[in-house]
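Across the two complexes that follow, chain A remains constant while its partner is chain B and subsequently chain C.
Up next, the complex of A and B:
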């Protein structure tokens, strides 16, 4: 049966469509990443919260201003200082075991170099002196003697750290390639983790909506009578409520309940409105199919209505289910982003919507890495799915030649 | 003895509309049709599109529930039976459809389509189903490996053979053939008709053969019912079709058939006007508006279907009552 499907005319036509195959590959990559996060424990929620660098570190393709370099050095230097000294009641007290503290010092995958605490302390004092000297300048860009001093300071600070090994180096590169947000969290890690949220919301809502929608639609179209009236009444009522208002209302309703903070409120809100599309389409298709002669032949044999619905009607609406599935998938991802942007969607952990809404202030200051990364990843997924939907429609819908 | 006796069969389709979906009008598809079929006989039903011949065929095997009238099959009244009680008769009465492209489920293999009903009715023990279906596939003239293929891999004629195999698989006594050759090429039509004839002899079938093609009816059937707008206007034996036909509508149908003679260039007899609306039946004979021999009484009352010799009944005031 499955082998037959892959050899069917529709599947062959689909395989010939190069762009569609490319977008399918891209979608599979996204899904693989999501699976690796969910099943393979590639990233945990905590990873996305870890501070990996100074605030608002530009991404790999960003340029650094003098002020920004100065701020970054300040951040790294403070990390070392914190490992060596401890503030208590306004007094600065050396730590009792600086070796241990230095070993724990970790910024992303950049680790503390091998240290002699005494030498390190000396070097910290040297760096702090240089730092304070630089702080004297009012405008860092304007003074010609600033740059050599800054470079010397950077060398000093860099000596505290040792780049991680091959794998660690790669993940370090990955973590910082998108830069960091205002809390110093890796944008790349957060954006990648958001794939999991998006795919989860997309798959679950699309699956449930298709299931509910096609069963209701097929039953309404096939049985007619009061079932039809009921289903039509249901979807007319639901579709007359503005989508976003309903979603907002539901999101508020779930606030404070035991499901608060999980994805379940989002699933419920989306499934309540998303089943309407497939329900309409499949009801229409069923109205057409039930008059076909093979359905009458099945009646003439004596099969019951439910059997005919299951065996002869539903399988023949499968192409519509496919197409609607990918449409709903995109719809769910986009709505999730919108809802999270409004602060009603994902509560714990990152989502592209949250990232975009957070980046509002940053963009004004020239840090577009956060909004850029989130949008680029979302754009890739949505575009690939749109192309896939189109290709599916071309390949499997007999009316769409 | 008559295997099927139909008396005053009426089928109306309500048309819903307006506020709260009231019944606003009715399609009068079949308006009091009576006939019988002897066991082993082939009864043709002929008429133009929309005259109710398919509705008649589907009502007889209870694909549609008749509005009124009686259907006696082997002495059993079918018109009032429910789904369960109908079950034994479902096995005995089957149907072959017109459109070979919509009569097969595109997602079921040929074998699955034929075996479905066999298993449901337990026609043969479960272990023998595969063999049984395979024999049927070969019997209707399909290739032996056809069973594993899907309908779209076949031509129209081959699909019609599959449809026939599906109907025959239940070992029925009675088959409604609802325009089984109308959608096929002429050469294929002959093949399918010959196949039906062979199978009729072999399985001892009784057939209600619906068609709009008088030539096919004449070739294939024993008797023919001529229908017009839900009424039977004439019933006559096929071997005397040309000589015996008296009703103006039957004669018009015969006249509209091209003659097998290239030198005969007379213009074909064409009926003027169009069929009255089945929503709003005229009083009297439905054919009156187009009839060349219309009398005054034709537009007042429907003429009764009266016997006019052996196997010949006719409903027309214009036919001389003395010769009746």
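Up next, the complex of A and C:
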């Protein structure tokens, strides 16, 4: 059945569409990243929670003001200082086991370069002295001698750290490429981890909705009678509650239950609203197919009704399933953002929705890195699916309005 | 005609009964009283609440009680979260802000989308059409929330900060009466944002409708008779495309009442959608139940209206 589908005229027309094939490739890249996160451990949930640097750091391509550079260097310097000294009753005293603290010092993929406390302490003192000297200036931009000193300080502080592991340099670049959020967590890492959430939610809900919707729709259209009435009643009922109201209602249903905090409430809420679309379309198509000669021929030969449904009706609605799958995927990704903003969506770990709704506060302060990174990644996936849907529709269902 | 309307009404009765049944059951999966009171409440408090709200009665009894409330439009139940305030009063207070937002939005969007759809269909296949379709797809690929956040920043904050133009409020709703000036100050920005978002979807739909119409025989006939391009576009095509256009607009009508939940939440506009979300966050059970029931009822009524209008406007639709 599947092989036949790929040899069909529509499939050939689809394969000739270069833009559609490119967007399919893009989708596969997203899926591969999601798989690498789920199966292999490319990224773990802990990675998205780690502090990687100072808060609200612009991405690697962002321009930096002198003041912001000064604040950032302050953060990196304090991390090393804290490993060497501790504060007690207002006094700063050296730690008893600074070696341990230096070994544990970690900022994302950065770690302390030198575990020798004596040498490090000497250099830290030097850097702190330079830092305090810079602190004296009222206006950092006004004085010409500030810039060389700041660069000197940055060099000193940079020497305290080194990227861990073989891929350290690259992962450090990746961590900072999207900047950091209010809690100093890497925006790029969180946005990439969110691919997994989006693909997971999209795949699961689209697959279940298509399965349930097309089975019910085909059965209703083919058997007619009370089954048809029942299915129509079911989908009229569910579609008569405005979509967003139903979603919020279902999300509310799960608050406080054992599933709260998992993705299951989202799956249930999406599936319960999403199956209606494919069900309607496939019921309509089945009503048309039922009257065709080959179905009547199959009936005349004496095949059972169920066999005809499975062997002749369902395979011929496959193109509608693919189109609806693509549509539902987009719906799932977009609805996740809205539910997360309303506080009813993903609760544990990052997702594009959570990132975008968090960035509302940052945008007021002129910080666009979080909303930009999350939107860019989401835009790629949704655009690819939009193009794919159009191409599928053009190839298989050219008369569709 | 009346028989048709009557049939549609009767047909929708079991649907509505099903909705109420589903909504009531879904709201009772987690005991609403415990959810509202929290885990530290005592059994006496619980019993008191259950007795006052009728939740101690058997489910079927509650079902028919609530149903009779809805049928008699009797929403005198009091909110849990704001004691003393009746649900009916909340609904009345929330309807105007919702409509102030959504009616202009629907009007502007439909008008613009039909225009763009016509342009796109007129230039079908040429660069103008392809550009418009491309922009629509790009626009559809960005989340609604991003439009809201950036729209608020640039429309209200940035304009004021950098250009000194205090055109729109950052958020809120006029506490006094709604005049033209306060409406523009508070509601126009959210309306513009929702127009931009909806434009992508609607334009594509209307374009598809126009393209479908332009393939029909009567267009070829008109062309053959020598009718001018614009005349074909506006007189022949638009008139025949009115049926799908009306359907589309009618389908969006129920959302006038729900309002744009997101817009209302983000801009602090006290409409129906915001009320519902606040009630859900406060676990305010009577409000959630009543609001969902009303939303569903409005939805069904507009569905019936759509069918009837459809039958009036299109003589080809048979009422049998």
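The working rule: the second predicted complex is superposed on the first by the 366 of 401 C-alpha atoms of A that agree within 3 Å, B and C clash if a C-alpha of one lies under 4 Å from a C-alpha of the other, contacts with A are read in each partner's own complex, and residues count from 1 in each chain.
Rule of thumb we're sticking to: a residue touches a chain if its C-beta (ideal position, glycine included) is under 8 Å from a C-beta of that chain, and two chains touch if they have at least 3 such contacts.
Because the structure is a prediction, the values reported are computed rather than measured.
Asker: Let me test your reading of the model: by the given contact rule, A:339 touches which partner, first (chain B), second (chain C), both or neither?
Answerer: Touch partners of A:339: none, neither chain B nor chain C.
Asker: Return first, second, both or neither, reflecting whether A:302 touches chain B, chain C, both chains, or no partner chain.
Answerer: A:302 contacts chain B only, not chain C.
Asker: With the two structures laid over each other on chain A, which partner does A:249 touch: chain B (first), chain C (second), both, or neither?
Answerer: It touches chain C, and chain B stays clear.
Asker: Check whether A:271 is in contact with chain B, with chain C, with both or with neither, and answer first, second, both or neither.
Answerer: A:271 sits against neither chain B nor chain C.
Asker: With both complexes overlaid on chain A, does A:356 touch chain B (first), chain C (second), both or neither?
Answerer: second
Asker: Taking the superposition as given, does A:294 touch the first partner, chain B, the second, chain C, both, or neither?
Answerer: First partner only.
Asker: Have a look and say if chain B or chain C is in touch with more residues of chain A.
Answerer: Greater contact footprint in residues on chain A: C.
Asker: So, does A:210 touch the first partner chain B, the second partner chain C, both, or neither?
Answerer: In the superposition, A:210 contacts neither chain B nor chain C.
Asker: Do chain B and chain C land on any of the same chain A residues, and which?
Answerer: none
Asker: Considering the complex alone, what residue numbers of chain B touch chain A?
Answerer: Touching chain A from chain B are residues 58, 61, 63, 83, 86-87, 90-91, 93-95, 97-99, 102-107, 113, 116-117, 120-121, 150, 152, 163, 166-167, 170.
Asker: Under the definition above, what is the set of chain C residues touching chain A in their complex?
Answerer: 12, 14-16, 18-19, 22-23, 26-27, 29-30, 35, 137-138, 140-146, 149-150, 153, 157, 205, 208-209, 212, 244, 254-255, 258, 261-262, 265-266, 273, 276-277, 280-281, 283, 288, 291-292, 295-296, 299-300, 303
Asker: What part of chain A is in contact with chain C in the complex they form?
Answerer: Listed in rising order, the residues are 233-234, 236-238, 240-242, 244-245, 248-250, 252-257, 334, 337-338, 341-344, 352-353, 356-357, 359-360, 363-364, 371, 375, 378-379, 382-383, 386-387, 390, 400-401.
Asker: Applying the document's contact rule, which stretches of chain A touch chain B when the two form their complex?
Answerer: Residues 4, 9, 292-294, 296-304, 311-312, 315-316, 318.
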